[in-house]
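Pasting the structures in now, so scroll down.
Both of the next two complexes hold chain A, though its partner changes from chain B to chain C.
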Partner chain A sequence: MKMIKIESLSKSFGRHQALDRVSFSLGKGEVLGFIGPNGAGKSTTVRILLGMLKPTSGTAELFGQDAWKDAVEIHKRIAYVPGDVNLWPNLTGGEVIDLFLSMRGAAVDQDKKEALMKAFEFDPTKKCRAYSKGNRQKVALIAAFAADADLYIFDEPTSGLDPLQERVFQDQVRKVKARGASVLLSSHILSEVEALCDTVAIIRNGKIVETGKLEALKHLTRTQIRVKAERSLDHLKEKNWIHDYSKDKSETVFLLDTNHLADLLSELQNCNVTKFESAPPKLEDFFMRHYETDEEVD
Partner chain B sequence: MRAFKQTGSLLFFSLKKEWLKFSLWVLGCLSFVLVGIIAFVSIYSGAADRQAMSAAMSNPAMQALFGKAIGLDNYTIGAMYSHTMTVMTLSLIGIHSILLVVRNTRQEEEEGMLELFRSLPTGKMAHSTAALSMLLISNILIAVFTILILLIFGDSSISLEGAILTGIIYGLNGLFFGITALLVAQFSANSRSASVTAFSILGIAYGLRIIGDTGLELFSLLSPLGLLYRTEPFVTNQWWPVLVIIPIMMVLGLTAFYLQSKRDMGGGLFPAGNGKRAASSFLKSLPGIIFRLLRMPLIIWIMAFVLLGIAYGSVIGDVETLIAGNAVIEQIIANDPSQSIVNQFISILLGVLSIAAAIPALQVMMKAYSEEKKGRISHLLVGNRSRTRVLLSYTAFSFLVSVFMQLLQTAAFGGAAMTSQPEGLAFKDVVLGGMAYIPALWVLIGAAVFLYGWFPQIISGVWGLLGFCFMILYFSNLFDLAEWVKGISPFYHVPEILRGEEGTLSLILLMMMSAVLTASGFIGFNRRDLIND
Partner chain C sequence: MLTVYALQWKRLIKKPFLVLLFMGLTIMMVTVVAGSQGNQKTTVRAFSETLSSDQLDTLVNTLNEDENFHFEQMTREDIQEDIRMDRYGYGVNLDTENYRFLVGRESQTMAIVDQYLQQFYREKNTLAEVRADFPGSDLEANEVVKIQTNSLTELSGNITSMSVILGMTFYFSIYSILFLMLNLFEEKKSGTWNRLIFSPISKTQLYLGHLVFYVTIGFLQVLTLFIILSQLLSIEFTGNTPALLAITFSYILCIVSIGILLTALSRTVSMLQVIIPIVATAMAMLGGAFWPLQVVNNAFLEFAAELMPIKHAVYGMMETILQNRSFLESIQPISILLLMSVLFMGVGINLMERVSR
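Moving on, here comes the complex of A and B:
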């Protein structure tokens, strides 16, 4: 059974179409990176999954149950961290964490809670009004990780965290994944997605533009190659799997469609190569490329 | 003068962003003055009416509420205005001034606006000075227009000297509390504790004045409200309190500026203490969190209602002399000669008190909406609580508050009324008369739940409905209104038990109406999207 199954989900607010036939799914024990620029529809999708918004058409199911109708049953098994955590200014962080945990209806594992507060270096005795954005996010993160959920939904959870705490976050995600839980990570921090996710779904203007295994997607990307050779390499320029061919002093720099690596090596065999560097494909390159081409189409 | 660089442009900017709130508050304070003077002139034009009023106003509860009775031997419109309006207006202007200063100093500091201003070439003190200038402008406006309003709408007893003195004490009082707010803002760690402290000082000033005006006069002099009340405009026109408060105010202001120049931005001289590490088991429940969020306003309402109930109750003994022959009041209560005039008067008062009791009850539903807008209702819904359950907690709390507040204030009112041993009036009847209004209150709550469920953006429309009910209650007998217009107000259908009216059926119908509205509100809430800014 899929943990999340979304099929041709649409949502409009008045005339504005926020989501247009979005489909993707998340399996058990998987971490899905849900990426896209601001305003693309990430939070709308997440809020539909949480039963806060009603879909205009299409289905959104969690654990095989309807996100809207069975919200209460579903919520017993999930933990959620919003991107912009708004807390009650006159309660302390510790009080809010306890409140969030008790709203889940399960007994609180005090040791786990304390350990998380320590890991995130969080002081629970301050009033929420005094917390920075990062500290407010920690409140929601601690409450989420202290719960034993089957599915964790994070909506840009680390935008206020420093790199050290970002690492704590990543460790915790790996821990819950090892336990067999699933994670939906909506984010635009691509390095984070790259470090954690098995699959990604890319959304833009309310439409899913790409979805699949991260490795498979990377395969579609281009690798940057820098070569120094004694013979001329200009014949490469003609190949349709070579892009942005240019000379940098005595070296040649170009982008290679990653699935044509073998072709390149055979072409280079007789060129007396003295230096060969390749920069691995990054999700960011793929993401940027995708967006640039899309913008050209627009 | 480098510390004050750019004060002018900051002031201009503040006025630009504040003008709406600023003008509403100034207009609000002035309309209080306007309504006061017009009401006195039109209702108490006869000397005999005023003399009757002076007897009622000199009882201890009234002196506690308004101040030591003054000018009783010749209770002119001026004396009456001075006695009953001064402390109330001073308190209102004090509230306005505290809010204005905290909003434009400490709150902007907390929200990071000050940081941006400071990074620009502005002086260290420019921001606070701009806020104080705004305080000065608002209080000058209040002072000048108060003088004009009093002179234009007052009668011959409103002397030029008295009017000017009134205007000046209003303005000085605003400046005093605004400067006090700036001073306590230097000590506090955040804007909330600054405003809480400043309001506590206002509350203590009011409390000291109560002690002073009902006995130990010295305490009144310690309170700025009591001190300024001692000017007695239109009665004795004393100027010495003005001369006393000006130097005190200047010392407070200079101290505030000195402390501000010494402290770090964002810091307070007294840092915030640590709070609780874990939540109590009460807080961890839905009713617990809702109660916690509304605790402060509820405590203040409880105190206000007890005070209001006792004050109104205390005049009952004098009602007969107070009303007899006053045509306007007789018309308001639709005097029926076959009934006791006291009972008729109480009947109207109970209606007014019930409208007041609706305010905290409706505030609970408003809170649900503001919590949703801030994305905090979703914190609760993401847990294993259903929408029905969350809304039920708010709604049940709102219903409870309506019953509790109504019971509390009618009991306070009835208790105080009994001390004068009015003929043919039983405590039980007063409380029952008050309870009869509860189904009407519930219709208003039902309307709020309905709006919350279906049209949350216009939920504040219930305030309009409440205002309408108030107008109908007060003025329906003065003007000839169509029956159906009056009928829109649920309060219109409440049987006036003290006048011997029977109305079990209309009470049942009101309750059914409330139930239908509430239930449909639940249906709406279960169908709509959550709102999030």
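Moving on, here comes the complex of A and C:
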């Protein structure tokens, strides 16, 4: 059974079409990166999944249940961390964490909670109004990870965290993944998505423009190659899998369609290569490429 | 639901000043207003130019037997000086068979004092005449018809105080409940309301948790004030207790519903902060919390009073107490208040949900 199954989901606010036939799914034990520029429809999708908004058409199912009708049942099995965490100003962080956990109805695992507070270096004794954005996010993250949820939904969860805490977050995501839980990570930080996710769904202007395994997507992208050789490499310029061919001092720099790496190596065999650098395909490059091509189309 | 309820208590305990402040204000207002309207003796300064000081003593003591008046012996010069300085308006010159006022300015108590003295001297003179006709016989004035109005004579002074207690307590409870409900509004604005919606709590439970909390707070506040004030002014709320509790409960529920409606109608916290005093005071004025509705003589205002929950609460309570009504006889104000609650709550929650969707 899929943890999340969204099929041709549309949502419009008046005339504005926020989501246009969005479809993707998330399997058990998977981590899905949900990426897209601001205003693309990420948060709208998340809000529909949480039962806050009713879709105009299409279906959004979590654990095989309808996101709108069975919201209360679904909420028992999910943990959600928003990008901007709102807390009760006159309660302490510790009280809020206990409150979030007690609302789930299950007994609070104190050891786990303590361990998480320690890992995130969080001081639970201060009033929430005194917390910075990062600390407020920690409250939500600790409450989320301390709960044994089947599905974690993160909406830009690390936007206020420092790099050290970001790593703690990534460790925790790997832990819940190892436990068999699924994670939907909506994020801007592509390196984070790249480090954690098996699958990505890229949304733009309310439409899913690309979805699939990260590895497969990377295959579609290009690797940057920097070569220094004793013989001329100009014959490579003619190949249709070589792009942006240019010379930088004595070195040659170009982009290679990643699936033609073997072809390149055979071409370079007799060129007396003295230096070969290959920058692995980055999700960011892929994302930017998508972005640029889309803009050209627009 | 219990988690939401407990959360509200936790927040209140950390910030209890508002509720305590309004309770303090109620006690202060009631003691001031009810104290000034309660049984106060009228002080009258008296002197005599003809009577000896012994005779004046006896006369003043006899006059002071009435609990509504207090006659104070002074010299003519002192009284004249005080009147000149406008410390009080008048004094009385007492004689054996007559009295005269020494007046600096008209005063509203003068008529009552005049009436009392007239009656007193008439009786005194009649007795003296009769004694002169039948010397040696033991005479005393006897009332021909004696009317016993026990229950009301005992209550008469208390009715005013009681209506002040009820009116003020219900009036200030509007404030504390509605101002507490600003929290609800702030939760909606700040996003913590959504935090609660993301949790495994249904909207019904969420609303119930909040509403039950506000009703509890309001109910506790009103009960505490009734107990404190009835002790303070030594007034007993003797009546059908279930009926009195039911009226109080349905009134509080009604105010909470009005709060929900106002919260749904206002767009900002400051707007709500402005609306609350206007609504509370207007309701109390129209509903007769500040003055008895019997003095209102305008058909429109009388009709408007019927629409005010506070009217049904105060008069429902008064009638239950004074006429010793049973629960069934008090069912009218209770059902009117409950009907209003359902109406306001229904419209309020509907509006609120429409906005949040």
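By our rule, the second predicted complex is superposed on the first by the 298 of 298 C-alpha atoms of A that agree within 3 Å, B and C clash if a C-alpha of one lies under 4 Å from a C-alpha of the other, contacts with A are read in each partner's own complex, and residues count from 1 in each chain.
One rule holds in what follows: a residue touches a chain if its C-beta (ideal position, glycine included) is under 8 Å from a C-beta of that chain, and two chains touch if they have at least 3 such contacts.
For clarity, every value in this text was computed on a predicted model and none was experimentally measured.
*Asks:* On the A-aligned overlay, A:Val72 touches which partner chain: chain B = first, chain C = second, or both, or neither?
*Replies:* both
*Asks:* So in the superposed three-chain picture, is A:Phe63 touching just chain B, just chain C, both, or none of them (first/second/both/neither)?
*Replies:* Once the two structures are laid over each other on A, A:Phe63 reaches no partner at all.
*Asks:* Specify the partner with more touching residues on chain A, choosing between chain B and chain C.
*Replies:* Looking at chain B versus chain C, the one contacting more residues of chain A is B.
*Asks:* Of the partners chain B and chain C, which touch A:Phe154 in the superposed model: first, second, both, neither?
*Replies:* A:Phe154 sits against neither chain B nor chain C.
*Asks:* Does the superposition put A:Ala130 against chain B (first), chain C (second), both, or neither?
*Replies:* first
*Asks:* Applying the document's definition of touch, where does A:Asp98 land relative to chain B and chain C: first, second, both, or neither?
*Replies:* first
*Asks:* I'd like to check the shared interface: which positions of chain A are touched by both chain B and chain C across the two complexes?
*Replies:* 50-54, 72, 75-76, 80, 84, 86-88, 90-91, 95, 99-100, 102-105
*Asks:* What does chain C use to touch chain A in their complex?
*Replies:* Against chain A, chain C makes touches at 3, 7, 10-11, 14-15, 190-192, 194-202, 357.
*Asks:* Where on chain B does chain A make contact in their complex?
*Replies:* Interface residues on chain B, with respect to chain A: 110, 189-190, 192, 272, 274-279, 283-285, 289, 292-293, 374-376, 378-387, 527-530, 532.
*Asks:* Could you pull out which chain A residues touch chain B in their complex?
*Replies:* Touch residues, chain A against chain B: 47, 50-54, 71-72, 75-76, 78, 80, 82, 84, 86-92, 94-100, 102-105, 124-127, 129-130.
*Asks:* Give every residue of chain A touching chain C within the complex, in rising order.
*Replies:* Spelled out, the residues of chain A in touch with chain C are 50-54, 72-73, 75-76, 80, 84, 86-88, 90-91, 95, 99-100, 102-105.
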